[in-house]
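These are the structures in question, set out in turn.
Paired with subunit B in one complex and with subunit C in the other, subunit A is shared by the two complexes that follow.
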Partner chain A sequence: MNLLLRTGINAVLPIGILVLLGSAILAFAEPYQVRVAYAFFMNLVIAIGLQVFMGNTGVVSFGHVSFMGISAYAVSLLTIPLALKKTLIPKAPFELATVHVGIVPAIVLALLFTALVAWLSGMVLKRVGGAAAEILTLALLVISFVVFNAWIDLTRGPRSLYGIPVVSSLPWAMAAAAVAIFVAKLFRDSDGGLQLRASSENLLAARAMGVPVESLRLRAWVISAVLVGVGGILHATYLGTIGPNSYYFTQTFLIMAMVILGGMRSVSGTIVGTALISVGSEAARSLENGPVIFGSKLPEMFGLTGFFLGTVIVLCMTLRRDGILGDDEFEDIVRQRRMRKTEAAAAAGVAAS
Partner chain B sequence: MLELSNIVVQYGMVKAVRNVSLTVGKGEIVALLGPNGAGKTTLVSAAVGILPVAAGNIRFDGADITKRPAESVVAMGLTLTPEGRRVFAELSVADNLTLGAATRKDRAGVAEDIDRYLKMFPILGERYHQVAKTLSGGEQQMLAVARSLMSRPKLLMLDEPSLGLAPRIVERIFELMIDLRKSGLTMLVVEQNATEALGIADRGYIMASGQVVYEGNAAEMVDSEDLMEAYLGAGVH
Partner chain C sequence: MNLLRKAEVAMPPPPAMSVPGDVPPEQRLLPGVEKKLRPGVKAGLVVQGLSKKFGGIYAVKDVYLDCRIGQIVGLIGPNGAGKTTMMNLISGALRPDSGVVFIDGETVSAASPADCAEAGIARTFQNIRLFKRMTVRQNVEVARITHRRVAKGKESGPGVDEILKLLNLDGLAELKAGNLPYGHQRRVEIARAMALSPRVILLDEPAAGMNEQESRALIGSVQMIRDRFGCGVIVIDHDLKFIMEVSEHLYVMHLGEVIVHGPPEQVRHDERVIEIYLGRKARK
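And now, the complex of A and B:
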């Protein structure tokens, strides 16, 4: 069967459920709940982006949130009104203080720039696998944070940038998530995706088959960076203000928990993980403030969200290292159930005769 | 068809292969024998481009492939079935076979070849959608060979195809190699199972400590008990 068609069919179920959920929230929910839903869809785009790299190469990446920051800053620097720029970053390099483009070209440019940075860093990363690659991704996160935080002329450092046009809303985030799921599933099922997954399982055998491991790693790295970059744009254009701390360890661990909990080798697993972690952290956040439940006031527990994420990762690594879904996509689970049913029916038929 | 001249392969300071020359002619089966650690696996891995050679020259089908990466060597028709049945355990039999054709672009031809090898190895057809780790050792070796054939090799290098398999299965693997030769495939077989390998081979090489210590006609090698004792150890008969 044609790859596009098959991926389309397989992506209908998760995308359909998410669209229904999003539409219900749009129609009935309070503004606060819409904000929570927006964060869910934005994080889903980023988690799916991370899955494209981690799930297919088997290399854990701590660095992807950098790409979220890079595209968020890029889109901001291109779209903040000129008058505001003069006061915020008057000494911006590359004449950026005098540059202003429309939101659509700004998004395209920001994603292209993210892809360029990913390609350059990927040229180094593709040569190594395993722990060395993971340490490189960590270094990337630290480097990008230092740039966001210390290049005051360009980013205003820790004082944060504001005045970014707030053009995004829940339907945009939903659309981005749908596209991300489709792209991730398409890559996973493509020849290159299969070859890359094989190389992560057994590098030597894959090389002996003539799998071009390096170029496939680079491809996965760039695609996943661009998807994460889309998440960064969703972030900047919804809040209207960004700072370096949004693109550092806290966000990294949140996204990693989502990918790992559901099963990093499966796109469906990432969706499940993102949903569970989003619900869980939201619950933890409401408990942080010491709410009143059944008439008794609970104590305030600040930091509970971080504690929750840590606990989830520990439990997941101890009890179910491959995540909830392991290697399986939703369609695999459906197919296995169907096969078991036919087998059971056949066995029953044999027993009856 | 394949000419290795004065090959040196190093792991850091250690020379695992020292100045080895070896040729395989079209249509031949050549056996590469020797004890553990002799450098046989290193040599064939270097030949296919998985390991870099420190010195020496590799020619295949008239072209210099010394510096070519594995993907281009495999595409030219030189394929290695790695040691120890390195099938992709977590992937299905179907995916494993598809991966064998990683260097090919002709989808229709790939589908035809899959059909052909499922007929040749019916057990793989029965287990087509199962993950490879559920196959027995012998079945995994069949899968590994079928997967290598999916690249349409002109010369297939088999690294220890009989390793860890029951005698009956070993026999089947060697019969399979004879069949493959009839279909025009050239083979270089790395083996510790010297007698069996020389039984189907035209010529043989013996490696020890990274060097070729003997080369000759396979039939004569089997008959020379001194040789077998000296280089391949007691217990060979």
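And now, the complex of A and C:
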């Protein structure tokens, strides 16, 4: 069967559920809940981007959030109105203070730039595997944070950039999530994706079967970086203001928890993980402020969200290392259930005769 | 190390038969093989003067070996003879210090494992290395993708479905490879290697852990592979009985060198082979 068609069929179920959910929120929910839903879809795009790399190569990446930052800053620097730019970053390098482009070309340029940075860093990363690669991704996160934070002329550092045109809304985030799911599933089931997953299970055997491990790793790295970059654009164009702290450990940890909890080797697992973590951390956040429940005032517990995420990762690593769904996509679960049913029916038939 | 040196000194000088180095490989076609080749085609695997040292000691020393299309060649020797090192050198997992590996007359030595796979050398592993979380079909598919890429639309040999059927795996195609029993896993490894449509397949101790009956069945499978896929087969094992039966030509390695090679019947009665397998006293 044609790969595109098959992926399309398999993606209908998760995308359909998400679109229904999003539409219901759009129709009935209050602005606060719409904001929460927006954050969910944005984080889903980023988590799925991370899954494309982690799930197929088996290499854990701490560095993907830097691609979120890179594309967010790129799109901001291209779209902030010139008048505002003159006061915000008058000494911007590369004549950036005098450049202004429309939102669509800005998004395209930002994603191209993100892909370029990913390709350059990927050239280094593809040669190393295992723990060395993971440390490298961590270094990437720190480097990008230092650049966002210290290159004051370009980014204004911790004082943050503002004035980015607020053009995004929930339907855009939903559309981006749908595209991300489709792309991730397409890559997973493609020839390259299958070979890459084989290399993550047994590198020696994969090489002996002619799998071009390095170039496939690079491909996964760039695709996942661009998807994460889309998440960064969703972030910047919804809030209208960005700062370096949005693209550092807190966000990294949040996304890691989502991918790991659901099962990093499965796109469906990432969707489940993102949903659970979003609900959970939203609940933890409401508890942080010390709400009144059944007439008794709970104490304020700042940092409860971080505690919740840490606990989830610890529990997941000890109890279910492969995550909730393990290797399986939704369609695999349906198929396995059907297989078991026919087997059971056959067994019953034998028993009856 | 001293032990090794002593053993080396104690070795009798190799007779003329086992020193094929001074004859060009093209002229060293084994009897009966020429008929299987089109005239002028140097089809199959030729290994010329392969050496590899680990920490100053030869693991493999100046080995000449060939395996033509349609031939089953055995490589045997006691533990530590250098069989698996040979396997790793031929399949690109190790780089030789010197020597050349040819496939169909083209050099492949000093290539990576992926290059070797593309050139037509497939292998199995002594300690099974399957993609355990994937289905049996996906395991085979991974190798087939490489073949499709290399063949550029001109696929040769049986396709994935047929390979699964040939190795009696068609009923297990959708099961995860890691959940299969040991014997089945060995068959999946062979199926995966065959999906490369290789010129030569290297089987690393395929009979390890099998009982008499299973290894007898394996002989049939190895011959089926040769006939059905039209490739050369190199079987490595230290089980004399199995390898005598399966192979048409036998190389005996000891301490990194090929000490004898020839048809199994001839090798069986060779004094040096008896000596390294049964000890010096057995000769008397």
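Brief remarks on what is shown
What we mean here is this: the second predicted complex is superposed on the first by the 353 of 353 C-alpha atoms of A that agree within 3 Å, B and C clash if a C-alpha of one lies under 4 Å from a C-alpha of the other, contacts with A are read in each partner's own complex, and residues count from 1 in each chain.
The rule is short, and it goes like this: a residue touches a chain if its C-beta (ideal position, glycine included) is under 8 Å from a C-beta of that chain, and two chains touch if they have at least 3 such contacts.
Here the structure is a predicted model, which means the values were calculated and not measured.
Once subunit A is used to superpose the two complexes, subunit B occupies space that clashes with subunit C. In the superposed pair of complexes, A:R197 makes contact with subunit B and with subunit C alike. When both complexes are overlaid on chain A, the residue A:A208 reaches subunit B and subunit C alike. Applying the stated contact rule after C-alpha superposition, one finds that A:D153 touches neither subunit B nor subunit C. Using the contact criterion defined above for the overlaid structures, shared-chain residue A:D327 touches subunit B and also reaches subunit C. Residues 191, 194-195, 197-198, 201-202, 204-212, 327 of subunit A touch subunit B in one complex and subunit C in the other.
Subunit A meets subunit C in the complex at residues 191, 194-195, 197-198, 201-202, 204-213, 265, 327, 339.
Those residues of subunit B that touch subunit A in the shared complex are 45, 48, 50, 69-75, 79-82, 86-91, 95, 98-100, 102-103, 147-148, 151. Contact residues of subunit C toward subunit A in the complex are 91-93, 112-114, 116-118, 122-123, 125, 129-134, 138-139, 141-143, 145-150, 174, 192-193, 196. Touching subunit B in their complex are the following residues of subunit A: 191, 194-195, 197-198, 201-202, 204-212, 327.
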